[in-house]
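Here it is: the structure, laid out below.
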Amino acid sequence: MADDAEARRAIEAILMVADQPIEAQLLGELLELAPQRIEDLCTELASEYDVTGRGFILAKVAGGYRYQSAPDLAGHVERFVLEGQSARLSAAALETLAIVAYKQPLSRGQIAAIRGVNVDGVLRTLQQRGFVTEVGRDTGPGQAAMFGTTSLFLERLGLAGLGDLPPLGDFVPGPEVVEALEQGLRPSGLDDLGDDEPADGGSPDAGLLDGGP
Amino acid sequence: MADDAEARRAIEAILMVADQPIEAQLLGELLELAPQRIEDLCTELASEYDVTGRGFILAKVAGGYRYQSAPDLAGHVERFVLEGQSARLSAAALETLAIVAYKQPLSRGQIAAIRGVNVDGVLRTLQQRGFVTEVGRDTGPGQAAMFGTTSLFLERLGLAGLGDLPPLGDFVPGPEVVEALEQGLRPSGLDDLGDDEPADGGSPDAGLLDGGP
Amino acid sequence: MVDPSDEVNYTRVMPYEVSTPVFEGPFDLLLHLIMREQVDLYEVSLSTIVDAYLVELDRLVAAAEGTDERLDLDVATEFLLIAATLIELKARRLLPGVHDADLDDELGLWEERDLLLSKLLECKTFKDAARALSQLSEEASRSFPRTAGLEDPFLDLAPDLLAGVTATRLRDAFLRAVAPKPVPTVDISHLHVSAASVGDAMEELLDELPRVGRISFRRLTSGLVERLEVVVRFLALLELFKQGLVDLDQAGSFAELQVVWVGEDAERRDLAQLAMAGVDAYDG
């Protein structure tokens, strides 16, 4: 049970990291508060943001709450979308999409392992655009989400199926590439005991580093 | 050209829809403000969130700005975030990572020379996890691959840049450690040279293949 | 490779729980020995180290038994390397030759010690730095990033990521993504780099031993000045022992090491070729 001040802050924190609108019901369960109390607190927060002239709003969408950019700033956001993200994302997005297409199903961590960078944002974009979707869960303890391409992706590339992807055959990777790939995609940490490499190494939400003795 | 109040709001709006850290440079281009002005505004915003006790923070990570949940609310957010704890790095991996972070760019051989062991496996793990990447080739004859840390590494450590790493000098052992090490490494063989050498040539020190001393 | 129906078994293996201290390298072990046990390196019992290694190995094997897991050879061999390094360090002290030390040798010993000392200090520095990084990461992991991305109304606005993307470009992107992987190399920088070659030493021994038949190691190395040469000769001798060309015999703990040639003259050259091909990598 959280007091109002802490509950308000907790709601802010949860909604800030949420990808989807979160219902008062769920927030209530997490914070051990009645849904009505959550609704009240969210209304208070929304009005506070409004009064203090924040650039974002707390909107109630599809039965849940989420942060959005303030409508009157749409011009700036549009500019960001058009000028900011496109150029920066395309190469990264394409590589990520290609990896998912050829190597599916694979986890976020496995993609990150191949690309060497955090792919959370790019993957999220690809999901939003409907090219990539979650196709299952890893059977291991962490149950990492496994990703694959969609039928929209095939459609947009004019492919009948994944079998129509251009073969990689004429490209003969050196043994080191093959090894790196297999290491990256190997489902278990068999080869790296002691370095402990579960499949979801790229998960965004936890400390990865541990100074253990 | 945006005035400060609007620029502040625009920054909030843009960061709210961003899915990765956004550099001051880009924000400056979008808002037609100098990057330094953006940095100042972001610092103001961050401090405002802090003072008003928001449940989120504006963090500078890997060269860009992004919203994050407040660290003290991790307990609440963890219950919400589905993906569980990620794998932690072994002490060996962590030390190798520290060497790469502080000494980059450097080659596999240079890392091994510092650690005193072969680092192939550990380095591979760090690459798989996306913390370390090949950043170039040595210009020398062997053209050894040179390694450095990634922006994912900065993100995971919550650092704006490599300049924010704690100074390595902070970790240089103090005189008492140096003395202890010197003591331990005293070349004892020097003291008794010739003193106790039996004429028959039998070694006085210890049997090579048994326990000594 | 492209067939998503390929069955992949995503099981994971937990790392071995290690109750005894695991050392991350010879420097690590030395640090531990010196800092915590306050011992003189050269007082460290070799049999203790070897015993510890064997116990550790047994434990790893036992841990792997009855499971699908394999013995982790990386762990096993790394530990072996540590033990071998320490044995080499100690052996270099104990071998004959040091007793003929002149001023140069003495200076050399101190230089060597200083080098080792600076290595240990560097090792300790990064150990502590690693701990600080771990702490930073721990703190950072308590703050979760927003990754919600664009709101729906802006999605239509966003540039079409697949505009102009053909299947071929997709393949090229894939190849680009997987291409820049470092070439794995065998790192031998931790091995002693020496001007003396084990191969050369073997050749000398192969020439000398059949003639003398039986000789003590001390006499065999009496003409050598540099301790390193003695070490190299010792390694060469071990190699010949492995090849079954010599027998090594020690009457007791502090006794002379006796070397006995047991190889046939005829097979000498052939075996030498074979043997030296295998050991030249030690030369650094």
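The first chain written gets the first letter, and so on, giving A, B and C; residue counts start at 1 in each chain.
Throughout what follows, a contact is a pair of C-beta atoms (placed from the backbone, for glycine too) under 8 Å apart; a residue touches a chain by one contact, two chains touch by 3 or more.
Fair warning: this is a prediction, and the values are worked out from it, not measured in the lab.
Participant: Could you run down the chains that neighbour chain A and chain B together?
Facilitator: A chain counts here if it touches both chain A and chain B, which gives C.
Participant: If you average the CA coordinates per chain, which chain's centre is most distant from that of chain A?
Facilitator: Using the mean of the C-alpha atoms as each chain's centre, the farthest one from chain A is C.
Participant: Where the centre of all protein Cα atoms falls, which chain's Cα centre is nearest to that point?
Facilitator: Chain nearest the overall C-alpha centroid, as shown: B.
Participant: How many angstrom lie between the centres of chain B and chain C, each centre taken as the mean Cα position?
Facilitator: Each chain's C-alpha centroid was found; their separation is 25 Å.
Participant: Could you state the distance in Å from the CA-based centre of chain A to that of chain C?
Facilitator: 40
Participant: Mind pulling the residue numbers of chain B that touch at least two other chains?
Facilitator: 16-20, 56, 67-70, 77, 81, 90-92, 94, 97, 121, 124, 127, 155-157, in rising order.
Participant: Among the residues of chain C, which ones contact at least 2 other chains?
Facilitator: Those would be 15, 22, 74, 130, 133-134, 136-137, 140-142, 144-151, 154, 181-184.
Participant: Which residues of chain C touch chain B in the complex?
Facilitator: Result: residues 15, 22, 24-28, 30-31, 33-35, 38-43, 45-48, 74, 78, 81-82, 85, 90-91, 93-96, 98-99, 101, 106, 109-110, 112-113, 116-117, 119-130, 132-134, 136-137, 139-151, 154, 180-187, 189-190, 216, 218, 250, 252-257 of chain C touch chain B.
Participant: Could you please specify the touching residues of chain C with respect to chain A in the complex?
Facilitator: 1-4, 8-13, 15-16, 21-22, 69-70, 72, 74-75, 130-131, 133-138, 140-142, 144-151, 153-155, 157-159, 161-162, 165-171, 173-179, 181-184
Participant: In the complex of these two chains, what residues of chain A are touching chain C?
Facilitator: Touching chain C: residues 13, 16-19, 66-69, 74, 77-78, 81-82, 85-86, 89-91, 93-99, 101-105, 114-115, 120-121, 124-126, 128-129, 131, 135, 138-142, 146, 148, 153, 156-159, 162-166, 168, 171, 173-174, 176-177, 179-181, 187-190, 192-196, 198-199, 204-211, 213 of chain A.
Participant: Okay, in this complex, where on chain A does chain B touch?
Facilitator: Result: residues 2, 5, 8-14, 16-18, 22, 30-31, 53-56, 67-70, 73, 76-77, 79-81, 83-85, 88, 109, 112-113, 115-118, 120-122, 124-125, 142-145, 180, 183-184, 189, 191-192, 194-198, 200-213 of chain A touch chain B.
Participant: Please name which positions on chain B make contact with chain A in the complex.
Facilitator: Per the touch definition, chain B meets chain A at residues 2, 5, 8-14, 16-20, 22, 26, 29-31, 53-56, 67-70, 73, 76-81, 83-94, 97, 121-122, 124-125, 127-131, 133, 150-152, 155-157.
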